[in-house]
Amino acid sequence: MRLTKRTITILGGDKRSVYLAEMFKQDSYDVTTFGFDEEVHNCKRAENLQAAMDGAPILIGPLPFANKVGNLNAPLCNEKIAIDHIINEMKKDQILFGGHIEKKWMEKASKANVQIVDYFHDEALQVKNAIPTAEGTIQLVMEKLPTTIHGANIIVLGFGRIGKVLAHLFRQMGANVSVGARKSADFAWITQAGYRPIHISEMATIFQEMDVIVNTIPVQIVGMSKLVNIRKDALLIDVASHPGGIDLEAAKTLHVTPLQALGLPGKVAPKSAAKYMKETIENAMKKLEG
Amino acid sequence: MRLTKRTITILGGDKRSVYLAEMFKQDSYDVTTFGFDEEVHNCKRAENLQAAMDGAPILIGPLPFANKVGNLNAPLCNEKIAIDHIINEMKKDQILFGGHIEKKWMEKASKANVQIVDYFHDEALQVKNAIPTAEGTIQLVMEKLPTTIHGANIIVLGFGRIGKVLAHLFRQMGANVSVGARKSADFAWITQAGYRPIHISEMATIFQEMDVIVNTIPVQIVGMSKLVNIRKDALLIDVASHPGGIDLEAAKTLHVTPLQALGLPGKVAPKSAAKYMKETIENAMKKLEG
Amino acid sequence: MRLTKRTITILGGDKRSVYLAEMFKQDSYDVTTFGFDEEVHNCKRAENLQAAMDGAPILIGPLPFANKVGNLNAPLCNEKIAIDHIINEMKKDQILFGGHIEKKWMEKASKANVQIVDYFHDEALQVKNAIPTAEGTIQLVMEKLPTTIHGANIIVLGFGRIGKVLAHLFRQMGANVSVGARKSADFAWITQAGYRPIHISEMATIFQEMDVIVNTIPVQIVGMSKLVNIRKDALLIDVASHPGGIDLEAAKTLHVTPLQALGLPGKVAPKSAAKYMKETIENAMKKLEG
Amino acid sequence: MRLTKRTITILGGDKRSVYLAEMFKQDSYDVTTFGFDEEVHNCKRAENLQAAMDGAPILIGPLPFANKVGNLNAPLCNEKIAIDHIINEMKKDQILFGGHIEKKWMEKASKANVQIVDYFHDEALQVKNAIPTAEGTIQLVMEKLPTTIHGANIIVLGFGRIGKVLAHLFRQMGANVSVGARKSADFAWITQAGYRPIHISEMATIFQEMDVIVNTIPVQIVGMSKLVNIRKDALLIDVASHPGGIDLEAAKTLHVTPLQALGLPGKVAPKSAAKYMKETIENAMKKLEG
């Protein structure tokens, strides 16, 4: 397929999608928007879904793609736009990009013989998103902690993408950083980076020293027996996606209130998040062009 | 003088003074407080000023010391406490510490033949305070900027204590940092640290590139002719103390709204700020003991 | 198996094996050495191979294990010690550790029904070794470059273990670091870390700017067409293992002399390298004990 | 004075002066050299001193300027060039730059009514030189230490220009850095930068832990009573200029051999050192032009 026509339609989404539309426009795309009550700077605004989709080879949906009741995630629009409706309107030569799309929509599109691509599966995007996630966590810590991050004792649980960027950023700001992990190769990297390595199975033994505990592991690892070791004046933050790594029932019993920090990139740096989405979608478009 | 009696009285102040009282108490001082409507954890609360001051070799006042109408700076207390009254009650063997004390109070104390010491003049304290000031500025930028600090173009005007710490912190977080200075030795340090050095006289030429401009110079250097070069979507922050370095009249004309960021240590990290105050006062006490 | 007897024999090796023997001794092991002309501090010295091996549950050979003619790698010993001979002497309840052991020795051991373990396959060891490899490369650059590393333009080709640590170290020292890679996720990490990402296919276009080019990719990627773009005063270093990534014939034609930098951990930091070997062997011992 | 004629003569010096001549030439100056047996690339070579000096408004001598017997410091030339002779040949409208010029030459020039300027007094030059000094020290440590700098325990004595850059560089490379100082403001900066602050009067108490001790204080502070606490396998390096900070007699008695590291910029990074000299001289020239 040749995407010679630099024409796209942005369908719904939050502030990121607004920035995304503006960025494509600045990059001399012909941009139509639908799913926003307000006009997006310099972009055309379609009157209805059909007009929005008609003649656009590329349709770009939001991240996440749908809400729980099957409508497009379009918080800046009062009208409800059913995903079913969108799929029904699609033509064979159109491509619809969306982020974090549930399996059922992929299957419906497949049955309808139209093409949907999930840009959220891109590893590079997830690495990029780790930066605003880490900065958003830092901001949260700054708001809640009565001391500076400089000199604070902080443990990051998990050494995946977000754990790596978060540990790095805390240390760059002068915190004493410990990292909880399990694998010996991770331990070697943790030591190389200058953090104190802690085996996950022994983390509770040092919780008492910690001013801040940030979990990034999406499996429940901080249960009652660990929670009791956390100081009353310590901050406990969970950035792992649902259901997170902290036993919320146990926490309630102990009067500990973990802060849930989800969807940070869209909240704290929507313009950066939009830029990453654009890069990812353009890469995907290049691949489709072959 | 021997301060063998570990007995102190904390007089007024904000959250920092509360933390300060608690810290002295934890350090097994006998602590009395006055000028707080609420009780301070574990500390004695004096019924009136005379009771508070009586028998305490060391009195510790807040930072800043007084408000504009001549009362002790005591925002957590409904009662008004006149500085004149405090000076009148002082005995010859007492020492009153305070921060940022106006000359007139020093003179009154001198006339009354009692001893007041300003702990704010301590260079080490000012260096320490540069850390929460920088973190507080980072927090402000995070709240206002729709992009990550990582990758942002930021210029710091001035390379004194706060400029140094601020440029360092922005760079540690992955920003592209420029520093505006005048002296060739500063330029050499700026280059050593890896920032882009900009002569203050030429700063306006690069304002167009900047996402964030932070002034630390307490002399008006950003006037109309410079302000016109600042992008509409750029953040302009002044952390220099009154009157700051930005021409506010010119800014208003241009619909630019500089953010004033003053007294950050007490706001964003009161517990750290209290710790620094305690270290400074204890050093001063050691020197007085000889 | 229970390794309750803390008794080991160190067989041959370079300075690392000497440090290794000393470290096990300090850790209250009973240590016998063989394959060193000089006595190792505080350790027993066996008269012959049989005496060295007799009664020791654990035998520790060098890294690399053998030389080209089938003898133990024992540069500090004049006597030749055949690997065949060692395997023949082994008992069923002994374990021989060695590093980088050729397949044929593993097969011979298997046939003889004795147990050989290659500690070099451990990922954590390889991560640890990346640190002295990077420091050794820095030392080489310092010796050869007439400028400081601070401010130098340096490209690291490849973003595996060594590429990551090397790029980090150069940047920590103030160099302007570019990294050549191919994968989009690597590009995201490279950008996150603050390096300039360069696609391997386009690296030649920026060779002209580079003061130092370090290859870490063990596949020939720097051939004639790329070499012609390298400045005469630039340093070209290959740390990739044989055959390296630089076309040596083409380099000779162009009068460019790439520096080969191999086996750096043993050369520049034998004591650290020994420490890593000890940690790896002890982990392996723990696993064997179950 | 107007230095419109971009004509200079380089008189003697080491490799730095050769690079300096080449850099001025590249910068389209008309460059004559004298005091080098070999020809300098692209530059004119004067037959004798008179020819070298004749008609050049700017004469640039080496750093340091003179040797002990009163000749120009010209290690790359067999001929001896007396400073007296140079001063005698000078015209009133010429300026001679030199580095680290003894007072007696300044006085002689003054009497002869000719103008000599010492570029070594420039603070910016000294800051710049701290970088190659620190890198040269790192190189020395790398050559001598059997472990990596990463993870090593290192103390830097003194927190002036070189102490600051050195502590920074060691820490950037992953060492555990302590800094010995006296002033409370220095302590605050040392803590801000993340080093462990040690009062100079107590440094001996932690010498036992140290793998590397680097002195930067040009006053004898490491005497017998401190030297006895240094481990036999520790590295002791003095980068302070003559007489340095270590009691060499006491060291000899204890069989400790401090490494003297002097004049590092010219040795390890002559091209960078030449660049700094050029920047300094050009600044001085601009000021003279007014």
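Order of writing sets the chain letters: A, B, C and D. Residues in each chain are counted from 1.
Keep in mind that, in the parts below, a contact is a pair of C-beta atoms (placed from the backbone, for glycine too) under 8 Å apart; a residue touches a chain by one contact, two chains touch by 3 or more.
Worth saying up front: this structure is predicted, and the values here are computed from it rather than measured.
Each chain's centre was taken as the mean of its CA atoms, and the one lying most distant from subunit A is D. Note on interfaces A-C and A-D: more C-beta pairs are in contact across A-C.
With centres defined as mean CA coordinates, subunit D is found 37 Å away from subunit C.
Computed from the mean C-alpha positions, the centre of subunit A lies at a distance of 39 Å from the centre of subunit C. With each centre defined as the average position of its C-alpha atoms, the distance from subunit A to subunit D rounds to 52 Å. Touching of two or more other chains is recorded for residues 131, 150-151, 174, 191-192 of subunit D. Listed in rising order, the residues of subunit D touching subunit A in the complex are 150-151, 174, 191-192, 194. Here subunit A touches subunit B in the complex through residues 15, 19, 131-132, 135-136, 138-139, 142-143, 145-151, 169, 172-174, 268-272, 275, going by the rule given at the top. Residues of subunit D touching subunit B in their complex: 122-125, 127-128, 130-131, 165, 184-185, 187-189, 191-192, 283.
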